[in-house]
Amino acid sequence: MRDKRTDLAAAVAAVADGAVVALGGNTLHRGPCAAVHELVRQGKRGLEIVKTAGAYDVDLLCATGCAAAVSAGFVGFETAYGMAPGYRRAVESGAVEAREHACATVIAGLRAAIQGVPFMPVAGLTGSDLPAARGFRAVADPYGGGEVFVVPAIVPDVAFLHVQEADRFGNGRIAGTLFEDVLMAKAAKRVVLTAERIVDGAGFAEEPAAVAIPALLVDAVVEAPGGAWPLGCAGCYEPDAAYLAAYTRAAKDPAALAAFVAERVLGQVGAQAR
Amino acid sequence: MRDKRTDLAAAVAAVADGAVVALGGNTLHRGPCAAVHELVRQGKRGLEIVKTAGAYDVDLLCATGCAAAVSAGFVGFETAYGMAPGYRRAVESGAVEAREHACATVIAGLRAAIQGVPFMPVAGLTGSDLPAARGFRAVADPYGGGEVFVVPAIVPDVAFLHVQEADRFGNGRIAGTLFEDVLMAKAAKRVVLTAERIVDGAGFAEEPAAVAIPALLVDAVVEAPGGAWPLGCAGCYEPDAAYLAAYTRAAKDPAALAAFVAERVLGQVGAQAR
Amino acid sequence: MSGDAPAPEHDPAVMMAAALSRLLRDGETVFHGVASPLPMVATLLAKRTHAPDLVYLGIAGGTDPEPRRLPDGSTVDPVLLEGSRSLLTLADLFDLSARGRLDVAFLSGVQIDGAGRINMSAIGDFARPKVRLPGGAGSAALMPTAKRVILWRTKHDPRVFVDRLDFVTAAGNVDRVVTPLCVFVRRDGRLEVESLHPGVTPGELRAATGFAVEVGPGTPRTPPPTAAELAALRAVDPGEVFRSEFR
Amino acid sequence: MSGDAPAPEHDPAVMMAAALSRLLRDGETVFHGVASPLPMVATLLAKRTHAPDLVYLGIAGGTDPEPRRLPDGSTVDPVLLEGSRSLLTLADLFDLSARGRLDVAFLSGVQIDGAGRINMSAIGDFARPKVRLPGGAGSAALMPTAKRVILWRTKHDPRVFVDRLDFVTAAGNVDRVVTPLCVFVRRDGRLEVESLHPGVTPGELRAATGFAVEVGPGTPRTPPPTAAELAALRAVDPGEVFRSEFR
């Protein structure tokens, strides 16, 4: 297994405009924000963002013109900070297409990609306008069990995942909830791990079951302390409430948002400081 | 969460003749043999056995008339002890139907059951006579990606899984390879865990990620030291080479097999001794 | 529940927590998702009162967590893993529901219609929305597959409880809807008023509801919170996170 | 390799281990399943010689394990997890192949035909077999999806290498077939003799093979094991597990 350590700028430079980008984590927790900030800094365009439930990460990529589409079940800042202003404005203006999913259909699409099949059946969705709005088709069960909705494979060009600990080969350990990170690691063509710390990893061999993301699936690993900030990272830090409140306030107005991004997002990149 | 401890006789008594029974483990490793021996002792009939790759467990259930069908990818004792004599004779005589699977199609069928959908697409199988022999159908991808084989859901009535350690609620920890145990636990209507030891489990809360089988999925947990014997159990004991050699020798002849079972299988039940 | 607070039965946050909690039965398997502080508290309250063997599954992945503190602002917080002996992924939770093993799912809607269907997607046209909403998260998958769906919403006005949804994000097995004014029960596919909370008049409810409701002097009243419920609420949620949706 | 053993190039177990090992390229991701001692040893041999960055995945679930001893009798043994830093399930392995990320899968057949297809299911009729075989394990899924499939079989006679299979358990991307007599390569869908092992005559090979083969004095010879290969084989497999299929 080869040493896959690199820096964030190089790992992000390989992302083409128009790429399908999966982001690990969920709402205010363990999103790969250092990588997202670098996507913003490098001025990527036309990205399709894949996530079950996003918040700051998805919102910022919409607000800064990086995203052209969002395939997600939910985009919002939960109870504390409310709706996602950048996402909302970008969708309402037509700049971003809201490819709304049930979270379960994001999972189904990733599962199809993982299993190398073109589509995945998914239970439910009956009575919802989503299948019609999103073009999800139903197929007949050839074994006589009626019809079931199927979702096309979601194959991310790249998945950015932030983990607490990795070794230089890209074996990643996650503390707390896994979210959809493991599915994304398996479904994506390319996987970039950012890690709070890169460790020697000799101890990993004593506890191989503790590795959530096997190095086999990983193409690049980047040491990025604070790499989920301003979101939380279990066992390391909580969401940065003051920053998120300031962001959601600023993001309601394009000019205020531009100033906020220049000062507090782009100003942070490289330093990866909190 | 309720206390689910019971004894093996009671856990096995709930299995109806004709039930679909999934067995954890793989070939010579961590098969739930104490439960299998109890199925034999209770004289179950008409069982359909589900496993990717079975050996002694599947062979014995065929040789003793418990099984009517085997849905598996492979039944054999690997290099050391060769073909499965009981299985072979039962299939050749027509007593047992060999519902041969690619191991991947057992997994696909279990996945369909887990996901509550009637079928699961599976890659490969092209050029094989298995789909025709087994009635696996191909369906068209409604998104234009050609055809793909689909496998019907495999919903075991019960899964017997042997683990190294469990708590009284049925949280199960597995050392070494998981095999298809986790899939079986999710797919089956009823899950019986046998465990080398039932522990207090307070420590489980410090390491919830170390639990492979969540208690939520488990209906009964039985303390069964040596419960994989004569197969191996990682970290506890290796396959019993002398016993397996004697068994495969005896199983070639119905009379010898009957004597072997009476003395060495039924004689062991209850004692759960090695 | 500070000194100058209203009586508990006139405190909508308390009434909702109690009403939601009472809908849960002992032994049931109960799930809530993101942005769900009231369901989180109601579930813990039920476990502490009448449903000790309820199995609490949250989106954070814990099974029967016993968190030292309740998270304020996010119900995905890793504190909701504390005390859990196993972890489930979100995929596991959808699967559990898909195969008919999830008893209760808590969901909500920006709009809710008289059939108990929800809109979490868009105001106006889906493709060109006037207001793009957060999205239904797992609701389109859970609502038809969970055995019972309990909706809650802390705002009860005609813009929430509408006669016609702009978009049907999800529909399915809705059993009850709990609001600051009442509890709806779904019978024959329609929401009916099961009980009015203390102090709410039939006229107030009609005026606040965009679809037709039958309500009158004979409509039952939601029982006020009991002393035991109030004590248990203080114990499970001393920081009053259950009020966070009212801030 | 004891004192009275044949020269290595006339020792079919050694020749097969070396020939299998040479087919693996550095950096490839390589899988073997149950009952596969020769592929296990050949993979470890390749890693120790020309392919140090080969990624070794076994059915036991390890990634690049460094076992203290090799298991004799079962290639699912948990000793094959030793030194591994992560675990894959069998489902993960099939998925990896299904999405085109598995470079090499080792498979075998009770019968192998001239197209490199295999029968692991039945002699005689599938539904009423004369001999019920173990079954193809994962081969029907792996053979069409792995980039290259390498077949091995320690017996080379006309009952194994047949003109017509009783049942096609699996077909697909077979690249090479290694036997005690030769290496076949698959070109345009047919097995051709790539090289004869030292000491094997063209006539012997023809007599041992149930389908037509082109072989003659000009057929290349499999190079004998090098001193480096023999030393590495002794190092990775001092107990000579690679001979277990010949016992």
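In order of appearance the chains are A, B, C and D, and numbering begins at 1 in each one.
To be clear about the criterion, a contact is a pair of C-beta atoms (placed from the backbone, for glycine too) under 8 Å apart; a residue touches a chain by one contact, two chains touch by 3 or more.
Everything numeric in this text was worked out from a predicted model, so none of it was measured.
K.L.:
Between A-D and A-C, name the chain pair that shares the greater number of C-beta pairs in contact.
P.N.:
The comparison resolves to A-C.
K.L.:
Using C-alpha centroids, which chain lies at the maximum separation from chain B?
P.N.:
C
K.L.:
Let me have the rounded angstrom distance from the C-alpha centre of chain B over to the C-alpha centre of chain C, please.
P.N.:
41
K.L.:
Between chain C and chain D, what distance separates the C-alpha centroids? Give it in angstrom.
P.N.:
Here the centre of chain D sits 59 Å away from the centre of chain C.
K.L.:
CA centre of chain A versus CA centre of chain C: separation in Å?
P.N.:
Roughly 28 Å, centre to centre.
K.L.:
Enumerate the residues of chain A that touch no fewer than two other chains.
P.N.:
115-117, 122-123, 209
K.L.:
Got the chain D residues that touch at least 2 other chains?
P.N.:
Answer for chain D, listing residues that touch two or more other chains: 81, 87, 97-99, 145.
K.L.:
Between the chains shown, work out who touches whom and classify the graph as line, ring, star, complete or other.
P.N.:
Per interface graph, the chains form some other shape.
K.L.:
Go through the chains and record each pair that touches.
P.N.:
So the chains that touch one another pair up as A-B, A-C, A-D, B-C, B-D.
K.L.:
Which positions of chain D touch chain B when the two form their complex?
P.N.:
Residue list for chain D touching chain B: 34-35, 37, 59-61, 72-78, 81, 87, 89-91, 94, 97-99, 117, 120-122, 126-145, 167-172, 244-245.
K.L.:
Tell me, which parts of chain B touch chain A in their complex?
P.N.:
108, 112, 115-123, 137, 139-143, 145-146, 148, 150, 152, 209-210
K.L.:
Considering only the defined contacts, which chain A positions touch chain C in the complex?
P.N.:
26-29, 52-53, 72-76, 78-81, 83-84, 87-88, 91-92, 94, 98, 100-105, 107, 111, 122-130, 133, 175-180, 182-183, 232, 234-235, 239, 241
K.L.:
Considering the complex alone, what residue numbers of chain A touch chain D?
P.N.:
Against chain D, the touching part of chain A is residues 1-2, 113-117, 167, 169, 171, 186, 201, 204-205, 208-209, 211, 213-216.
K.L.:
Please output the residues of chain D touching chain A within their complex, sorted ascending.
P.N.:
29, 53, 55, 57, 62-64, 81-88, 92, 95-100, 145
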